[in-house]
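Take a look at the following structure, please.
Chains: A, B, C and D, in written order; residue numbering restarts at 1 for each.
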Amino acid sequence: MKIIIEKDFEAMSEMTKNILIGHMSQDKRVNLSITAGNTPVGVYKKMVEIVKESPDYANVHYYNFDEIPVPNQAEGITITDLRKLYLNPANINEANVHPLTVENYKEQDQRLALEGGLDAMLIGLGGDGHFCGNMPTTTSFENLTYKVKVSGEEPWFVPGEMEKGMEFVTMGPVSVMRVKHLILIVNGEKKAEMVKNVLQGPVTEEFPASILQLHPNLTVILDEEAASKLNK
Amino acid sequence: MKIIIEKDFEAMSEMTKNILIGHMSQDKRVNLSITAGNTPVGVYKKMVEIVKESPDYANVHYYNFDEIPVPNQAEGITITDLRKLYLNPANINEANVHPLTVENYKEQDQRLALEGGLDAMLIGLGGDGHFCGNMPTTTSFENLTYKVKVSGEEPWFVPGEMEKGMEFVTMGPVSVMRVKHLILIVNGEKKAEMVKNVLQGPVTEEFPASILQLHPNLTVILDEEAASKLNK
Amino acid sequence: MKIIIEKDFEAMSEMTKNILIGHMSQDKRVNLSITAGNTPVGVYKKMVEIVKESPDYANVHYYNFDEIPVPNQAEGITITDLRKLYLNPANINEANVHPLTVENYKEQDQRLALEGGLDAMLIGLGGDGHFCGNMPTTTSFENLTYKVKVSGEEPWFVPGEMEKGMEFVTMGPVSVMRVKHLILIVNGEKKAEMVKNVLQGPVTEEFPASILQLHPNLTVILDEEAASKLNK
Amino acid sequence: MKIIIEKDFEAMSEMTKNILIGHMSQDKRVNLSITAGNTPVGVYKKMVEIVKESPDYANVHYYNFDEIPVPNQAEGITITDLRKLYLNPANINEANVHPLTVENYKEQDQRLALEGGLDAMLIGLGGDGHFCGNMPTTTSFENLTYKVKVSGEEPWFVPGEMEKGMEFVTMGPVSVMRVKHLILIVNGEKKAEMVKNVLQGPVTEEFPASILQLHPNLTVILDEEAASKLNK
């Protein structure tokens, strides 16, 4: 694991953008899986500036790694967010977008293998230690891409925000270990304790992201606050 | 994970030899870590025939992945066994042999990184679910190369054969996940139940080899007996 | 370049089979491009024995690298030969066969890029220094996959066997340089002089295979006769 | 080949910096070979800002790819320039610097192979079509690292600036083809014609850089002026 500590959110975003553009600038098909949410907002703003009117990145293909379907909507929460934050403003060709859905999740690992595997994946860290949709109490380390049915008993269940019986899909720990370069970004003091737990504590399904310690090529980019509790 | 089931010990050995020779025949430095013990005896016999008088494999470097020092002996049990089974009869140049010892184990992961990483590692499976020296009760999944001091309370402690306070070193789960191609060979009915446990059961430190399910490029070669309890 | 010299045709075939099986036994999609003709006959006999009733190689995809269409026949000379020598006796699933044809050759390089690139290519050497369909007088080193229209003036034109105006397609030098592991097999005294020319002489379009000296991962497997004129 | 056209020198430098930082940010030893001269001055300024006080890039090792010794000076022109432009201001540890010299050039290719190969090389383009020290009339495509003795008859010989009988060393075309990611940067109208020659013309020793068309992973970064004569 390589940990890079940047001054703040802006510097973390800049460094992350550099790493992703580095991958994308190679002369071959590049498969990226990228995260939705708040943490990457700065990264995508910078990437959009570079990619939006450029013909140079037609070699890059995009995959989401988890999805929560929305009743009566054609697409789920994750891909909708990715379209808004990055895919639409960057003018990504639809042929280069490969959504994971609750319908096709069983083929996700096989599909990725057939298309050459993921060159890089950008992920964040949940305050409860989750990564992708690998949540405490519903993650088994031996999982490939899988579906979770929410019982309402999970420690992370938020009544009002979530519904009992709702489903979501996610690439599992085995799927993520196959990514050639894994990039984890975390900012903010709120997550400092969990950063320490998952990067320097025991590997345990209680904090699913602790399994990432075993990834053969993991770059962690933190702002100073998120890094503040790490042992030197 | 790719599982190849061969008819018997002879066919398992032949397939394994093919895979190793495949790696060794590339035009670049190739770093191999290979196992001592009984399971690879057939593999090494076949490899010796190919390698012993050939100048073609000077690009291959050898590393052991665990070691048990022997009082009053210059070298430990593992490297001594490897010399007998393979390195000596194959006439491997000493400059291509890189022993892991109880003295240098703290540098093992860094050294491997500096020398380009391991291209392939050949391992066996213990009847108790261990791999390399990653034994039940003394393995933590977050370990790089580490040293174990035997307390005598371990479930695998054999009085007479082992001594309380003896030490050994081993590459840990994190080290093994970095190997580019991991090859696990197992033969015999005695291990069939454990093969099922570690390849198809939960990932748990109780059976350390279960973590191998997470390796991004694992080939398992079994004889029919060792494979007899696997779910299809 | 790594040159492996084997005693005879049988040993050359055995070594080549080992290298190919080594690639095929990894836990990922493996894209192979393999040659038709007489040189690989021994290789394919051995591979058929391993692959024909095995479910273990469903991850391997096959590509031909050149093709000569035949009037009034659905398929050309190369793929027809490959089907007879290997694909049919080995029971390769048609979904894993990706023919290059005179109709689709313009998409060949792009298609390969999208499918992850070629992991290995097995080629032979022509007595006139050609490789794939890269013949003297019709090869430019800057070519990707291209089509040749035979004028009848070429030094290798054989009246009776070939027709003026006939066409063929071939992956070009640039395409071949992208293969991750290139394996060249040559046997027999007749080719010994050309082996020396292309491996130890100047890089020149006169002997197209001389460009292979620039490939970053080339393994050459020769029998003793083919190697007999090489400088030590 | 992937060609990226940027607006101007500044944008070209920014993109190049991104690509290099992308490589350097991986969790493994990264071997870089970088160019001296004027073209990369902007790249190095940006890289120094990121690297100079960071412990995060201790995994990066640096190699020069050519050298011109200077009488009565300990080090040659290239490494002296690299120290001034980048290695010194970036505070690179001397243990991570691996000079190529007129004394050790015969070991350069073997040394690189033993140390895992070059992950990336940054090069420029000479107005006469040279790359590294591969000059018109003294380059053979089949060269590994080699030494040139200047006769004074070369078309690029500049009396006053150069001396008859002077020597230099350079990695050759075969050495450069082994680099995993090759990055060529060119700016300015003066080089626009040569950019077109070497990227879109025939592969010929007359313009040595034309051989780069055969590299399996080449990214070319041009400013608009340097790209102005390329065929679309």
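Criterion: a residue touches a chain if its C-beta (ideal position, glycine included) is under 8 Å from a C-beta of that chain, and two chains touch if they have at least 3 such contacts.
Which protein is which chain? UniProt says A, B, C, D = Glucosamine-6-phosphate deaminase.
All figures in this text were calculated on a predicted structure; none of them were measured in a lab.
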Max Cα-centre separation from chain B goes to chain D
In whole angstrom, how far does the Cα centroid of chain A sit from the Cα centroid of chain D? 36
Please report how many Å separate the Cα centroid of chain A from that of chain B, as a whole number. 33
In whole angstrom, what separates the CA-based centres of chain A and chain C? 41
Would you pick out the residues of chain B that each touch at least 2 other chains? 28, 59, 216
Think of each chain as a node with edges to the chains it touches; is that a line, ring, star, complete or other? complete
Could you please specify the touching residues of chain C with respect to chain A in the complex? 28-29, 59, 113-117
For the chain D and chain C complex, residues of the former touching the latter: 140-142, 173-174, 177-178, 201-203, 210-211, 213-216
Residues of chain D that touch chain A when the two form their complex: 1-5, 15, 17-23, 25-28, 50, 54, 56, 59, 181, 216-219
